[in-house]
Amino acid sequence: MKKFGFIIVLLVVSSGLLYAQSRRIINIPNISGYQTLKCDLHMHTVFSDGTVWPTVRIEEAWNEGLDAISITDHIEYRPHSIDVVADHNRSYDLAKPLADQSDILLIKGAEITRSMPPGHFNALFITNANLLELDDVQDAVKEARDQGAFLMWNHPCWDAQQPDSVLWWDEHSYFFENDMLHGIEVYNWEFCPEALDWANEKMLTMLGNSDVHGPMDVNDGHRPLTLVFAKSRTIGGIKEALFDGRTAVYFDNTIVGRSEFLEPLFFQSLEFKKTPLKLKNKESKVVKITNNSDVDYELELVQPGVGFDAPETITLKAHHVSALSLSGNSDEVANSGSLDVYYRVNNLLTGVDDPLVVTFTFRNN
Amino acid sequence: MKKFGFIIVLLVVSSGLLYAQSRRIINIPNISGYQTLKCDLHMHTVFSDGTVWPTVRIEEAWNEGLDAISITDHIEYRPHSIDVVADHNRSYDLAKPLADQSDILLIKGAEITRSMPPGHFNALFITNANLLELDDVQDAVKEARDQGAFLMWNHPCWDAQQPDSVLWWDEHSYFFENDMLHGIEVYNWEFCPEALDWANEKMLTMLGNSDVHGPMDVNDGHRPLTLVFAKSRTIGGIKEALFDGRTAVYFDNTIVGRSEFLEPLFFQSLEFKKTPLKLKNKESKVVKITNNSDVDYELELVQPGVGFDAPETITLKAHHVSALSLSGNSDEVANSGSLDVYYRVNNLLTGVDDPLVVTFTFRNN
Amino acid sequence: MKKFGFIIVLLVVSSGLLYAQSRRIINIPNISGYQTLKCDLHMHTVFSDGTVWPTVRIEEAWNEGLDAISITDHIEYRPHSIDVVADHNRSYDLAKPLADQSDILLIKGAEITRSMPPGHFNALFITNANLLELDDVQDAVKEARDQGAFLMWNHPCWDAQQPDSVLWWDEHSYFFENDMLHGIEVYNWEFCPEALDWANEKMLTMLGNSDVHGPMDVNDGHRPLTLVFAKSRTIGGIKEALFDGRTAVYFDNTIVGRSEFLEPLFFQSLEFKKTPLKLKNKESKVVKITNNSDVDYELELVQPGVGFDAPETITLKAHHVSALSLSGNSDEVANSGSLDVYYRVNNLLTGVDDPLVVTFTFRNN
Amino acid sequence: MKKFGFIIVLLVVSSGLLYAQSRRIINIPNISGYQTLKCDLHMHTVFSDGTVWPTVRIEEAWNEGLDAISITDHIEYRPHSIDVVADHNRSYDLAKPLADQSDILLIKGAEITRSMPPGHFNALFITNANLLELDDVQDAVKEARDQGAFLMWNHPCWDAQQPDSVLWWDEHSYFFENDMLHGIEVYNWEFCPEALDWANEKMLTMLGNSDVHGPMDVNDGHRPLTLVFAKSRTIGGIKEALFDGRTAVYFDNTIVGRSEFLEPLFFQSLEFKKTPLKLKNKESKVVKITNNSDVDYELELVQPGVGFDAPETITLKAHHVSALSLSGNSDEVANSGSLDVYYRVNNLLTGVDDPLVVTFTFRNN
């Protein structure tokens, strides 16, 4: 019997696999002048303490409908380094071709990883991660800044670093005052109320990221996201928006951000007819409101309308039509040109205890 | 101790309950010149052999996102008549106020119910159901026609009436030739291929209905529907469209209808960029196709492109973005102004074995 | 052409339809000496202000895996009486044959319906509902008691009857002291804390029911249920258990009841190995706990173990295996014969602010 | 300002993360004398052409409820070798501690990877993967055999290796006849009918595996599995069962295997009462059958009962109770001591066109 069995050249299937799966759509609307980009700016691979290859991060981003990600492997913590031998730019370089092919914006990043203070900082839009490997954290952060980086304080609420309290240290003031701290994670595994307070006080850019280490598992939901309100769907567009503070943080069924972004986001999610209601005393009229977004908006009445009643609470369910029923309770209502209803949106937060308040104005006559 | 306990006037909660639930949206697009109305034109209540009150049919229609329904209680079969005492117009009259309040179009109908031939006929757009209670089925159908009714043959494939074969009887020819048979159920509990053949041969209007008797249970799906391509969202608009044959039948993940409706329905479901691909030999380009409809379109390549390869099969998943990858396989492709790809859409049927064939034309240069 | 079209005798399909659907299984274990029967003892049909035919209630009970129901149509409130003409026993009589065929225990009941006080009372196990139609509520309740009825106060928290407060009136004391009030609804549309307090103070039987009027919609969940710990799966067994107070109330992911029932229910839900752990200082051992019930048990540590640490919180997810990790923190642990861990089960409530506390005892040596 | 920011020792969280998630239960029953172990014996990591770290394979196995896995990285194909530098035993060594901690049986394996013939072979239960790196495939397979390996032919239907036909080559006969081919993948990404035929003809052990390269994504389902009927839940128990051919292949809602295993698997999944039915002519009796397994069994009547009718088709839905209705159609039925009903189970396959036929025997008197 003749010999057989040559060692073969296999088909490399990975580059085509991306297109075996369909890409979800995250339905969060654009707002006037800006595209709303869905970004996750904190994650790891086997090149630090993660457990997936960099290309997996692109495949996940494609599948889940993201616009942009940053792989932010730790500079100082690489537990797989016995087996995985490469410099700090390698995870970016390995992911970039698939990112380009699938139109995912890949932002070059790294995580500067220290004990508290100052804790962990992500440096985004860097040009060379290897130069960040410096003993002194100030030197490392300064190097990142000199590369043009956007710098953010990661997970200030992480109890492994601050078990008993969540403090802003002198070190953070130092970085903040020297243009080396531009943003803060308001969400990373959990919501961090202190971070939201500081973001509002100091006008830090708000971020919400997954910090995923293993394979991403989103089931029917979505990972935590930084919504970036960008002038263009480009890396430059994201950078400009981050430095300008134009973000919101989307986790579970909640969005946190400044009212100037949340209010248009809310109304751009909705459709309802503008025809006059012609509401009269002792009559009811129904406004059908279509919510085209993925968010179930949870509304609570702030103050009764003038001359009419509106429901105390109503949920505008995602991708459904809700019926808002208004009932006239005085004769004057028939003469009102328009009807104003004020609702608190309990899952749109501008501050820790500050849900967004919105005004619906319906034409009446 | 004083006496207590007066018999009370209860709050009537039913009229408000409608608005406790959100209304789904059925995402099937409009086509040029027509609104695509989602209609179920065959169902029952306790006023014949159903087990729900007529208002339940309106609540279900609201919840599921329907535009129009017809309650078609049997004239001749009323097994609850010992307890439920009313004339044949009663189920319509009881449902109408809630229909109006919730903007569901309620078409007055009834089911003329006989053994085969001719089986069961729905009469839609009638004015007085009581007048259809006549011994002779010809007289009953004639009365319906004289009221202006659209008349349809229900579930020709129902094995309780035709156990061994599905036949078109002389009786059906008689009705058809005398303007007393305008449509046929292509779907009722199951797809009826013979009905589709007859609809195509005789230009009968195609219908697909639930014929629901108990509470509707749609889980995460949708009930079988008649899609009506109407000039306006009115009862008159539906009537005009039905008599003109402008319908399609939507069940499970399949739509059956004439190609003049299915083709625009398909392309109106999709979005993709029109920028030139600039495909060259030995290169690949990806067209990202967004499917905004609820239907997963299942495509199978009919014939290879000229100068390029396209996938043999691809599913355009509902509410997802799919990536169609084209690969140049000859030098001429670089000179083509546009690239044509021909796909069979296996779940859009124009005939029993006739899936719709569609042509994608992508600009290349 | 010859005449055709006889009025036909249709197949009556309803009696067979029951078996077209599979029956779910509600996984709540039996406890020592008792079967845990899943019961809903409050619901309506078209024979009062409901919107479904009585047989629908049996079909729903079959599909959802219930053991017993009671149809409790209002004696005093029958808004459909223009069309639906029957006496108060009729809904029971119509449902009974299908109940027998499908082995659902159907308890004859009615709702005595008055303004507050005393509000609405369900009378269960009655023999003739017509005799309850009496002007004076005392007479009506007395008649029920004389028929051997178990009497319960329905939805004491219903804000249509008690908008600003939830009170126990003299009338309730009167009924309670005269053997005419045996149970109270702790859950009906919502949890009623006052009812739970009264049930505990006065040893009233706790009930949780759906009070469903329209078609039941349980999606992937379950309706609110009264769990009855009965000596036999019979109507007599349920009656004996109700009068003896052997019930718990199961809604959403919560069970409310006395600890004598909740504790065995909890431990009967679980399986884990009894082999010695041999835990030593600075080592960890994992106990794998299988939860065979439908309830996700949410545990919170009450007090640390002696010589070892256990997780602060752990969820024992329904139909999953959870890993409880114990870590030795002193040398003595190696000598312990058994390890006790105390957890609060936050969704098993014995009182309004009293979650059940359970002790896990693991053999160590 | 003083300097700050030491490089820190991070908490290593990965070893504890396993227990953050609950473990599913795969409900496929044991059969007499054997435990039914759920095994996936073919998968990859970054140490060949996979994209996850070896520990991920253990976490996935824990989460999904598997008993045993084998990581079978390619010997000859390691596209990440520029970055990932290690020998062929490394993926096993990295996964083993977590496997032990979580009680997942980890079988040492490797994939010998050649063009067709003979294609790809998995060697399971090897002792040193490095010794398999040999130019001649016969030498490599022989080395594996000498290490005591169970050897299987992987994915014979893979069209990248056999695009136009699925052939058994002389090389396979050579290996088969020389104790170097013991099993064959009947399922790998797709069902391979030829493999099932060969398994039956030659008594090869049937296997069904995931061959997963990226993160496992099972949604609500399960990955393809080899069901191993083992005398003990040990690696030795699995090895003995594999060499003895005691397996079945479980994919989607289908199980493929020999009838001696499928029949007891089917009946061990079911519960029904043994009390006599006492069926008489013109009466119906219902047998309630509880299916405790995860498989929806799809039954089709093979031949009518003697003296009674049974449903033509019935689905015994997973974790539900189904009602099998028997109707007497002759007077003799009342005298039958027992009633036999023969069903084909369309999703239990003993051969390509050979569904398992089962006999239900119900006591009648």
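Here the chain labels run A, B, C and D in written order, and each chain numbers its own residues starting at 1.
Throughout what follows, contacts are C-beta pairs under 8 Å (C-beta built on N, C-alpha and C of every residue); 3 or more make two chains touch, one makes a residue touch a chain.
Model, not experiment: these values are computed from the prediction.
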item	value
Smallest count of steps, each to a touching chain, taking chain A to chain C	2
Separation of mean Cα positions, chain D and chain C [Å, integer]	40
Residues of chain C engaged with two or more neighbouring chains	none
Touch-based graph of the chains, sorted into line, ring, star, complete or other	ring
Listing of all chain pairs that touch each other, if any do	A-B, A-D, B-C, C-D
Parts of chain D lying in touch with chain C, wherever the complex brings them together	16, 18-19, 22-25, 65, 101-103, 286, 288, 290, 315, 317, 319-323, 325
Residue ranges of chain B touching chain C (in the complex, touch as defined)	1, 3-8, 10-12, 14, 17, 46-47, 49-53, 55-56, 59, 76-77, 79-80, 83-86, 90, 94, 113-115, 117-118, 135-138, 160, 170-171, 174, 213-216
